[in-house]
């Protein structure tokens, strides 16, 4: 029952300087709160609501930036993969490969990710029950790699809305794998703005508190210095300056909950 | 930001002795945890899944027992009403009238309840959005009675299952009325056992923790000395002996959350 | 496998002349289409979204108008009841008592309705699975009255929206009771306009066709000569002048489906 | 308003002889019913519930069999693709590329499929609103290929269940692209049998009738000579011998509906 780890960063990589700045400030906030920190950022947004959404800077430049964050800030890094043949090259640079929610049932991607030996954070599909994730994890584990995290990020609830079922956290924990709560995508309003997804930033903090009170191994929060002008997920990213106080409160809750 | 109040008791009244025993033990547990306590029990289960379910001991005997609990244990009492003409006689005995979730849109019941001047705990219908409760509360408030509580008890999620949307708590709080989280009915599996409702008692504690971490004015938990043989809601009632520890943990969380 | 019956009328009674006009024109449209016709109208809207919504003209005047429709137009009439003690007086005038969806689990109301010996149309609650309606019907049948109709009117689907699950029709038909499809309330957007419910009139016809193609005993459609100025459910009522063509098409489908 | 086309075949290819037999019999049934016919089968099940599920015979052998069906039975063929680089080789053999529901937001796959110039059948994700499919179709159309079909196959409804929202058919039709109703996967119970998905074969016919009554360009039905022993989707496949009668009835409905 160690303190929760923080997985945080911008939704997508924008530039090397921007990534280093964010990683540095998030690392400091995490240190202050006494939580381990994994920097998260995407180099490719492969499933935007519409073609008009920015795709990202691409794998080559993205991996260079992630390597720089790892080397210069000294923190582990996480990024998401969308095709089996990306897993090996990405795993040479990053510590944690993330399987996107829409792709959590794609067997080849899960196997390729597992074979890298990297830690694998699997987002639960919006269309899956929490107990269905045992079969998903088993696909990765069949490669001999059991460094698996299972991540709740909201379940489909009518159209253009997700709901965070907090029962999912203990249910997924029955697998024995650490459970992550993604407070950012849980408050997404998918497709809710016509050609992009909306979000409800104001619920990130209460849902993160709820998840920590239930008990989680890690909390996933996207943060940005200027969320309203970020190229993706702006409506649900937390302003960078709000992170230290948010983490302080989550950490205190986590301590209390884990001390029984 | 006072500590949360505890609304607790058996699902339905069984006998005077049983009610007094439960009230006494729950009052002690609440005192130990430093929470105010309101005894809850129903004298009539007016909407059982099937006719085979026990209806309850009736209004006359029920009110006598509730009056006894009030007088002998010295705690306020809450019960639910199902028809407008029951509101006045029930309000002569109880402190809080509760509007059942299925009935939360019945204007006459809300007005009759409001006119008694008693506090009114309105369960949010499983079919309602949290923001829809502002109109519901306004019906009661139109009587001049603003002693209103709004209670989350789960939203319909597919068939025979509810989901607790923790966003509902801050959304309902925007009305200015205190918000209650009903941890017992939120884990109901409505109709899930053929002629009665199932439940998932194991999620009462984590969901109650989640709600307290989000921030609530009161927590509603049904408890019983022998839940597996209780005449209703057994599958989701908490064993009486588990209450002191559950309350202790919730109270510590509540303190932390409300101290900021 | 007789042709479907039509249950139609305005959402609420407005005046005697208005009711007679609507009943007369709907009866003619039904006759043209070769369907039996039951006039439907409410004298009391007991569960409006907000207090600001019009309640209706009341029981006394309402029953007079329904009696007039029955006598002068020569058609059976249906209205909804909201309290056990209304069942007997209403049943003296109307042919079919309707149990509102929110109230479909209220045992006393079901028993009182059943005891009148009138036919009982039970709306399926938005919060119920279709198989749960067997227990609901059994409550009425316990009175010895098996003149029961079970009516699908949409299931909760996220917030402020319903979905029509067409599987509900054959599932409810397994009870042996005739099944009704309410094409008007199935397209309601409950609470979707702040203090009233919105609706999607454009889907009444396709959903009614779908239900008839699956197979139903009756179709329920609210119609109005000026739906945009009706006191309730305007957004989902069908303009009166569209009814003859809608019925003609439904009747042709029904014939085809029932001829196998 | 031509008669609906039939997209039918087994869930996955089993052998050349089996595919030819099924294609031949389905072609005959379609001819009898007067509907155009597209043979559908998968060579790879890339997203089985668990690793224990059979993956399929692979692309090379699969394409040989599909080419044989095309040549020997003289019908167009459809298969699904799971990776961008599969699109071109598959499109050399098949007439229609299908985008799986879980993958309907993967931009690279949609673009690669579009660039082949083949017709593209896009399954609507279980997590998407019908109006969100306009953005999805636009991704394909951006390649200059507008030979697009949009396919309803059920929306997430709680856990382990889908619901067919018939409103989705006219909503998707607003894009101007032909709309397909997949009656087989709409009755899937995803993950509902532990390590595989369950299904409700008995609802294929009523839901197909409902969709045809609403109005569709094509109906998708998986069929098998021995569904209970099929390697995948057995619980929701229709027995081959039931197809002629099912098609006859759907065709009669379709005629009636499209004649107005």
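A, B, C and D label the chains in the order they appear, each numbered from 1.
In the analysis below, a residue touches a chain if its C-beta (ideal position, glycine included) is under 8 Å from a C-beta of that chain, and two chains touch if they have at least 3 such contacts.
A quick note: this is a predicted structure, and the numbers were derived from the prediction, not measured.
> Give the fewest steps needed to get from subunit B to subunit D, where each step moves from one chain to a chain it touches.
1
> Looking at A-C and A-D, which pair shares more C-beta contacts?
If we tally the C-beta pairs in contact for A-C and A-D, the bigger total goes to A-D.
> What is the Cα-based rotation angle between copies subunit A and subunit B, on a 0 to 180° scale and rounded to a multiple of 5?
To map subunit A onto subunit B, rotate by about 180 degrees.
> In whole angstrom, what separates the CA-based centres of subunit C and subunit D?
The answer is 36 Å.
> Roughly how far is subunit A from subunit C, centre to centre by C-alpha average, rounded to an integer in Å?
Computed value for the inter-centroid distance: 48 Å.
> Which whole number of Å gives the spacing of the CA centres of subunit A and subunit D?
Those two chain centres are 33 Å apart.
> Two or more other chains in contact with one residue: find those residues in subunit C.
Where subunit C meets two or more other chains at a single residue, that happens at 155, 157, 159.
> List the residues on subunit D that touch subunit C in their complex, please.
So the residues of subunit D in touch with subunit C come to 155, 157, 163-167, 169-170, 187, 200, 202-203, 206-207, 209-215, 249, 252-253, 256-257, 260.
> Using the touch definition from the top, list the residues of subunit C that touch subunit B in their complex.
46-51, 55, 82-84, 102-103, 105-108, 125-132, 135, 138-139, 142, 155-156, 159-160, 190-191, 195
> How about subunit A: which of its residues touch subunit C in the complex?
157-159, 161
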